[in-house]
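Down below are the structures I want you to see.
Each of the next two complexes has subunit A plus one other chain: subunit B in the first, subunit C in the second.
The block that comes next holds the complex of A and B.
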């Protein structure tokens, strides 16, 4: 691979081409907020939290899907980026029905942690309060659309790691929903293997095991990344 | 109806209670109180928005009904969940839940007595309203205020030491509890016991002194007889966490005994009224007019045959002497009953904390959805609390019915206000102290309106258009 040199937040970095800005940042201990990113599975730039400024580019680009280029000058910590991250987080909170106090993931939620990270002390947008279904049909797990931020980590993990292709996405805009098979109850799925990787990958309380109550949830999304690495090993 | 010749006194908001309410008193031309109503004007809607959730979420969601008695809601709820699953909690898990429940009762009773009611008792009903509160107590009776605050802290610390949270604890789960108690935390809680006992005895001395110095007032403070409902253990002993229901009549005759809580609907019916969000339950066999019953500390002591712990038993025997072993009807005795319960709770906490298995790690059994219906019951600080869930096949909640202690006391509270208002308010000259006595009739019940206004649906509603003279020009009513 060809070597190239770029600058991120004033730091000169020499690395190999073909990598994303997010990968390079992580390798160089430059912190970038993420939500839809999960190491090992395909990045889709859905959450818009990892936006960065690139010199000469008029709009903000997502670090997880933008490849590095030679002599690229990247900023990850500008006031504009922080403002956008705060707006994005507020919109997550306003779009569906996120009530941390009664959520299964309270204290173990990536969205909740994000809200702290961006110092979200209030929400400036009107809550939509959509009527969302809670799918309790699966014998082991629950899907609560109220808490889904459509990061699609579940969709990608199911397809790329488990290979079951149970999850997909339907509709657009605020009507977008993660669906099981052809929008049938999860418990009636013919593709789901009950493996639970989607539950581990989910950053919020949208997917959770029926066996736990608030305070007992302890998801391990990094386990998915480790699994992918282990599968690459030729022993 | 022409109300132009009537006068109305409105006390709004009612102070030093949990929640928002007002009292309206109707007076005739001669200045005599003819009717009194306790209006609860806050609205929650838990029964409705819990529909569609998974039943195992209910202990956490319903605990948010109240910041004073979240453990009672969680316990009633988790018992309903256990009935749905057909599972029993583990020994240690059950014991820890009982300890948390006892702790919450201590904390709530400390709040009711030291923070909310002691200002009336120690500073006087007619004292300056601006100082008639816990800060006024701190100014004049510093030790009492600090001790009261610390007793409340002890109750909350039990929850914190078990679950990591003082209020709205996590981890109360079907089959037990999520977290075991560490030895360090067990010892830390045991250290509290001597101080807590001393404080509650100070409280008991305060109320007894008040009884002695104000005998006529205490005895005549809304002594209207009612029925009583409470939970008792297998030997008829006082019980807060587990047990069966007992109804007694005004003479102490046991009407129903050892009734399984899941049969509550056979004995309790509810009626809505058009001037309050609070429903009016009654003892079904006697009908709405004659079936007024009370729950809470006074009721529990009236239905119990004995207390479980020695020091509380001594006080219980003195309590029983007030009305020659018959039920004590005087509403003022709620305070005394509350303190006896708190003493019993502290003693019980000590016994539980000395149980060899309290720090056992096996705190939870696991099971799945098995039954459609779950009914759970516990004695919340304010009285018997029922959670009733109906679920679909996958465990999704289809219907929720919550029967809350304050709601069950609602008809009796209205009667008590009327009693006290008729006793203290006459003619045009109305002083603030008189109104405070009317409010204090409500405070005796220590009502929690946040808890009790959970319903939604067939709520009767009335809009009145009133002219400057107070004449009702138009009334639009929606009754159920």
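The block that comes next holds the complex of A and C.
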């Protein structure tokens, strides 16, 4: 692979081509906020948290889906990016009903952690308060649309790792919903293998096991990444 | 230097934020050296006075709350949203997903724990609920927010002691801030 040189936050980095800005940043201890990214599965640039500034490019681009190029100059820590990250986080919180105090994921939630990272103390946008369904039809797991941020990690894990294709996405805008099969109750799914990878992959309290009580949820999304690595090794 | 005046208010919340305020324990003596608490939920009957700092717990759920918060804003130099209900309506706002009539009927008429005689409360002395519950910042200008359900006593004391010593509190660190 061809070697190329680029600059990220003033740091000169020499690496191989064909990789994303996010991969290179992670390798070089440059911290970038992410939400829809999960190591091992395809990046889609859905959450817009990893936006970076690239010299000569007028708009911000997502680090997870933008490939590096020779002599690229990238900035990940400007005031503009921080402002956008805070806006994105506030919009996540305002769009659905994220009531941390009664959420199963309270204290173990990636969205909550993100709110601390971007120093969010209140939300400047009007809350939408949508009426969202909670699907409890599955014998082991619950899907709570109130807490969903539509990162689609569950959709991608189900398709790419388990190969079951149970999850998909329906509608657009604020009506967007993650659906099981053809928008039927999860418990009636003919494709779901009950493996629970979507539950582990979910960053919030949108997918959770019934065996867990409020505030006791502890997910292990890195388990998905490890699983992918182990399968590659074909031991 | 004259003593500052503090007021605390309990709107649409569970009073848990006030419990957390009491959890500052003996540090309340430090607060009392610098300020007088001139109004709080256990001070009865007085009109909300002019104050330097108003700590407001709870969301705006009724016509009464709306009237109160508009008055409090006029009377206060610094208005602080105390806790998740004031900031994002929290549990009080969970009725916003439904229409008010359904909520009231479910609670007072159709509730499983009710006998057949369940009826809608209707008395002139009762406050009138608004269709939706609002966080404070959608109604009035808020100067500082202390999130949490409830906010930690340390965070409350930190904000109070900074303001009473004429400093600007910075809540941006996760150890002071708490969601849920």
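As a working rule, the second predicted complex is superposed on the first by the 234 of 235 C-alpha atoms of A that agree within 3 Å, B and C clash if a C-alpha of one lies under 4 Å from a C-alpha of the other, contacts with A are read in each partner's own complex, and residues count from 1 in each chain.
We adopt the following convention: contacts are C-beta pairs under 8 Å (C-beta built on N, C-alpha and C of every residue); 3 or more make two chains touch, one makes a residue touch a chain.
Being a predicted model, the structure only gives us computed values, none of them experimental.
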item: Which superposed partner A:101 touches (first subunit B, second subunit C, both, neither); value: both
item: First (subunit B), second (subunit C), both or neither touched by A:142; value: first
item: First (subunit B), second (subunit C), both or neither touched by A:15; value: neither
item: Touched partner set for A:93, first subunit B, second subunit C, both or neither; value: second
item: Which of subunit B and subunit C A:134 touches, first, second, both or neither; value: first
item: Partner chain in contact with A:126 - subunit B first, subunit C second, else both or neither; value: second
item: Partner chain(s) touched by A:78 [first = subunit B, second = subunit C, both, neither]; value: neither
item: Greater residue coverage of subunit A in the superposed arrangement, subunit B or subunit C; value: C
item: Subunit B versus subunit C as contact partner of A:115, first or second or both or neither; value: second
item: Residues of subunit A at both interfaces, subunit B in one complex, subunit C in the other; value: 101-102, 106-107
item: Subunit C partner contacts - residues on subunit A that touch it in the complex; value: 93, 97, 99-103, 106-107, 112, 115-117, 119, 121-124, 126-127, 129-132
item: Sites on subunit C touched by subunit A in the complex; value: 81, 84, 87-91, 93-94, 96-98, 132, 135, 137-138, 142, 144-147, 149, 171-172, 174, 177, 179-180
item: Complex contacts: residues of subunit B adjacent to subunit A; value: 52-54, 56-57, 59-61, 64, 163-164, 168, 170-174, 178-179, 366, 368-369, 392, 394-396
item: Residues of subunit A touching subunit B in the complex; value: 101-102, 104, 106-107, 133-134, 136-137, 139, 142, 187, 210-216
